[in-house]
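The same subunit A turns up in both complexes below, where it pairs with subunit B and then with subunit C.
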Partner chain A sequence: MAETVLSSGEKIFILHGIDADFRNDGRRRCEYRSMEIETKLMPQTHGSARLHIGNTDILVGIKVELDVPHADKPNEGKLEFFVDCSATATPAFEGKGGDDLATEISNVLTAAYQTRNAFDLKTLCILPHKKCWKIYVDVLILQCGGNLFDAVGIAVKAALNSTEIPKITAATLDGGEPDIELSDDSYDCIQLDTSNYPIIITLCKIGDNYIVDPTLEEEMCSTSSIVMSMLPNGKISSVVKLGYGSIQFNTFTKMLQMGEIIGLRLNKTLMDVLKEENQFGRQRRIFGFLK
Partner chain B sequence: MEEYPPIIVRLAINRIDLNLIKNENVQPRIYTPGEEISSQPDFLRGHGTYVDDENTLRASVAGVLEKVNKLISIRPLKARYQGEIGDVIVGRITEVQQKRWKVDTNSKLDSVLLLSSVNLPGGELRRRSAEDEQTMRRYLQEGDLICAEVQSTFVDGSLSLHTRVLKYGKLSQGIMLKVSPALIKRKKTHFHNLESGASLILGNNGYIWIGANKQDSDRSEGGFTQDLSRIPQVNREVCARLRNCILILAQCNIQLTDTSVTYAYEESMKYKINELLEPEIMIDVSLLTHQRLIQQ
Partner chain C sequence: MIEAENIEDQNGLRPDGRRALELRQIRVKMGVFGQADGSAYIEQGNTKILVTVYGPHQPRGSTGRNTSNISKGIVNCQYSMAVFSLSSGERKRKPRGDRKSQERSLQLKHAMEAIIHLEIYPRSQIDIYVEALQVDGSEYCASVNGATLALIDAGIPIKNYAIGCTVTLINNPSLEDEDNTLEKGVLDANYVEECTPGVTLSVVALPNNDSTSKDGLIVVAQGAGQRLHLSQFESLKARVLYGCQDIRSILDHAVREYLTEQSLPSLFHVALN
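Our next item is the complex of A and B:
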């Protein structure tokens, strides 16, 4: 993680602020910063999204390819996450510096999407044993201003929501060899059913309290945090604890409860916004990186 | 049951442009590093440019062209802090070395604070003994924030700092912000005790300190003792509001002075502190501040 050391004065100030339910930027403990999202901004990909929250800037690109299913799971497609911590985010990511964090994030994503309730890999199967879709989710961290996990989670969900997989018109076995025909119309696509995809919520324990959406400075004051992934139906698909501090069982359940409520709200808001963006159709102006 | 505030997700198409001054017709020509400026031989090479093997003048930074007669220079759009003697800076200790501290001051190289250029507790001036050298970390350790003055600059551009005046020294409770150094003008005073009860240090290097209590200015003990008691909620709210106001001004490219900060603070009073993070309100506050600054 990007290491900015704080002085004891700053730390105490943040700590007491969180104690008083009044953070340095005036937010309450359970308050999220407002975020900005844009999808389908990269025409070279099958689906893409960019998310801004505070100073955090995440870009997600999705690529779909034909592949052969695993021998032990012949009816399932593949989903792979790859996270790249760009050195433009912080010099600490230069070289192999960001690898640890990148693996950590991709592990959390994999865990979040692993259950069948969240993402049914069977929908990606074309011909059992022979052909399936493989989805590559590439996450690029352009800037980090705290709360990376949540931001990545939201961006990935938005990107998957915008993904268009080419439609297959005919899939036959021709003498044991698979023969696949794609639709000629490039606009003729299938969308993924994102209604069950999880989002990630981080709860950061600072002092005796816990907060959502920490800034970089607040993350520095925290000894432990839990990263949970929430399905839209209120189920938790994975929980990971980060940091060296310990969490008592009572606190843990309270944190999970708070994460659940916020997760449900965040999920609903996100889906509403994505639907709104979808209504603008293909003629929507793309902002991207200019402006 | 706690009440949870709503979560706001915006779309990029509804983005609000925070640039106040717009020239729709004039598009500035921006040069990128390595781009050719001129291949004619009759020029004088200015800052931000270099001449390659084929005698072509090229830009070494990303920025706009500035031409004075034959002198061609490129002014970078975003630059690190270039120190000058006498500047007031806010910095963070990054390393404790023998007889010196290394300080991050937003310049290209870390600055140096020599053990001999700080006021040690005990008051009167004395020689620095070996003991002092061994207990340096007790005075300032990694991560600590200091306020200092630039004493001299080295040939490579790095700075030597000093805190030999009582108003300089270690900073205790409060918030540090980073803005572009171009937004801070060199002024007679960079220390401000605002009416609202907070102290403000506008470092020339673009680091800004919002101190939670006024007693900060008393540094008779060299400022190494820190007051870590709980800050009253009123002061905390002032600090948070100031923080958000300064960030608004910085985002809208308004120069930061005690006047502009006070104006923004006063204009922001009609909003709640956490509302100041929303773009619609940011643009409103910055416009009102901008108007008041023009009227002045």
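Our next item is the complex of A and C:
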């Protein structure tokens, strides 16, 4: 997010383009930019994904740890989101500069995954009261070219889809002490069931219209946007409004409807792509950042 | 967790099959990001580092207020490690701000100040941000190499490549009577080798183009681990400068290739060598 300053003339140009359903890069209002996803690119993590959309670049690493369940939720594992806005994105993020944005994104992620319909924490439980898995989802924002929330949502889902949790062969209580044996074969793992995981869609209101996947310039023309997380079955698990502008109730409903249609399509495409990538198996060449 | 037997001599080979003076595979990509003024990605074995450069621009923040020296440009470095970067399995709590990263930031700054022509950038600031994506030994040296490439990509005039290389002296009493090539120090240590009892020196040097004339200048040297006897220092220095020379030629080749690719068709006569 190198400092971009738009003049009012440029803003009006963008605004008129959106009115005419023809944006600066030739897209329509409801079209996404093309994305690049690569999963399992960091060998030191249990799951990872890199998403590149426009100038936005997100890297997600997932690490899994054994932990003790919360006393009030003895049957549930833990899922924790951590977002780090790296200074590589913009000098403004240096030091603690990116913390506000990071907290905002991680709050949206937590809200999106909180419902049991999306992520059942019970599947992470090994021995009630004693042992459970704790999944750390660490998001690293490397470049920021607009539409951070959607990009993070997709990257997190792709990374969780690639996550391999070591298989437990025996879990017993030995005199009150938990005794856990992991499988000797490091390829023997469990994959998470990602069929219900949400994705995040941002609808950005510019003028009288709303668009998806705004670029950095378009984001600067907008006064308010809605960040919604949607499950693959069409349910909305969280809605957050950002920005200082207000939205009419009628517009709000219309935006949610449009978000729903887009969300369903995006989700299906994402799952298809991930399945396709998975078919290459372990022999697939990893490109990472060298491409 | 790491057994000393792993390090034991296997016909003069190291645990990962390298010879004592062999480097890990270095892979480089310049200009990874469109928005930054300069960026580079470097892989040395499993150590993966991303560096971006912003600037020169007007000084801002805490560095800008300190106007004691306005005749020269200011270099601002931040070293941060991704929380999932550690190879050993555990997760880092904080990406930056801990003592180790602050120390690294400072040393990186010293190294970069040595090569940038700061006198032509008065009242300006150059930001160098390092992000370690995966850490498997020699990460400080890899970030120096990456930062040099990012500066080149940003078009900031530099005096010479600043090349970082580590040399590790493996203390292993069982080696004494055998072939002792590993005994005199190994180059570009990975994480396992860095954890062995012994001393690791991280050296940043400005190697000269032709190796015959001069050894090159050492800009930053930093030791970690046990004590080092002064008598061994000379041979370590010779080895590490040899390593720096090697890395320099690899990076130089990558830079020339990248610039030829990126240049205008009219510049195609610029030959690769």
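Points worth noting:
Please note the rule applied: the second predicted complex is superposed on the first by the 288 of 291 C-alpha atoms of A that agree within 3 Å, B and C clash if a C-alpha of one lies under 4 Å from a C-alpha of the other, contacts with A are read in each partner's own complex, and residues count from 1 in each chain.
Everything that follows uses one rule, which is that a contact is a pair of C-beta atoms (placed from the backbone, for glycine too) under 8 Å apart; a residue touches a chain by one contact, two chains touch by 3 or more.
Computed from a prediction, not measured in an experiment: that's the story for all the values here.
With subunit A as the common reference, the superposed partners subunit B and subunit C clash.
In the superposition on chain A, A:63 contacts subunit C only, with no contact to subunit B.
Legend: residue contacts after superposition of the two complexes on their common chain; A:13 is shown touching subunit B, with no touch to subunit C. Using the contact criterion defined above for the overlaid structures, shared-chain residue A:25 touches subunit B, although it does not reach subunit C. Look at A:104: by the touch rule set out above, it reaches neither subunit B nor subunit C. Subunit A is touched at more residues by one of its partners, and among subunit B and subunit C that partner is B.
In the superposition on chain A, A:91 makes contact with subunit C only, not with subunit B. Using the contact criterion defined above for the overlaid structures, shared-chain residue A:120 touches neither subunit B nor subunit C, since it reaches no partner.
Of the two partner chains placed by superposition, only subunit C is touched by A:43; subunit B is not. Legend: residue contacts after superposition of the two complexes on their common chain; A:269 is shown touching subunit B, with no touch to subunit C. Stretch 205-213 is the one among 79-87, 133-141 or 205-213 where subunit C clashes with subunit B after the superposition on chain A. Residues 291 of subunit A lie in contact with subunit B in one complex and with subunit C in the other. Residue ranges on subunit C touching subunit A, taken from their complex, read 27, 29, 32-36, 39, 41, 43, 46, 48, 50-52, 54, 60-61, 76, 78, 80, 82-87, 89, 91, 95-97, 127, 129, 131, 133-134. For subunit A in complex with subunit C, the touching residues are 1-2, 42-45, 48, 55, 57, 59, 61-63, 65, 82, 84, 86-91, 94-95, 136, 138, 140, 142-145, 288-291.
Every residue of subunit A that touches subunit B in the complex is listed here, in rising order: 5-10, 12-13, 16-17, 20, 22-28, 30-38, 41, 50, 258, 261-262, 265-266, 269-270, 273, 276-277, 280, 284-285, 287, 291. Listed in rising order, the residues of subunit B touching subunit A in the complex are 2, 4-13, 15, 17, 92, 142-145, 171-176, 212, 226, 228, 230-231, 233, 236-237, 239-241, 243-244, 272-274, 276-278.
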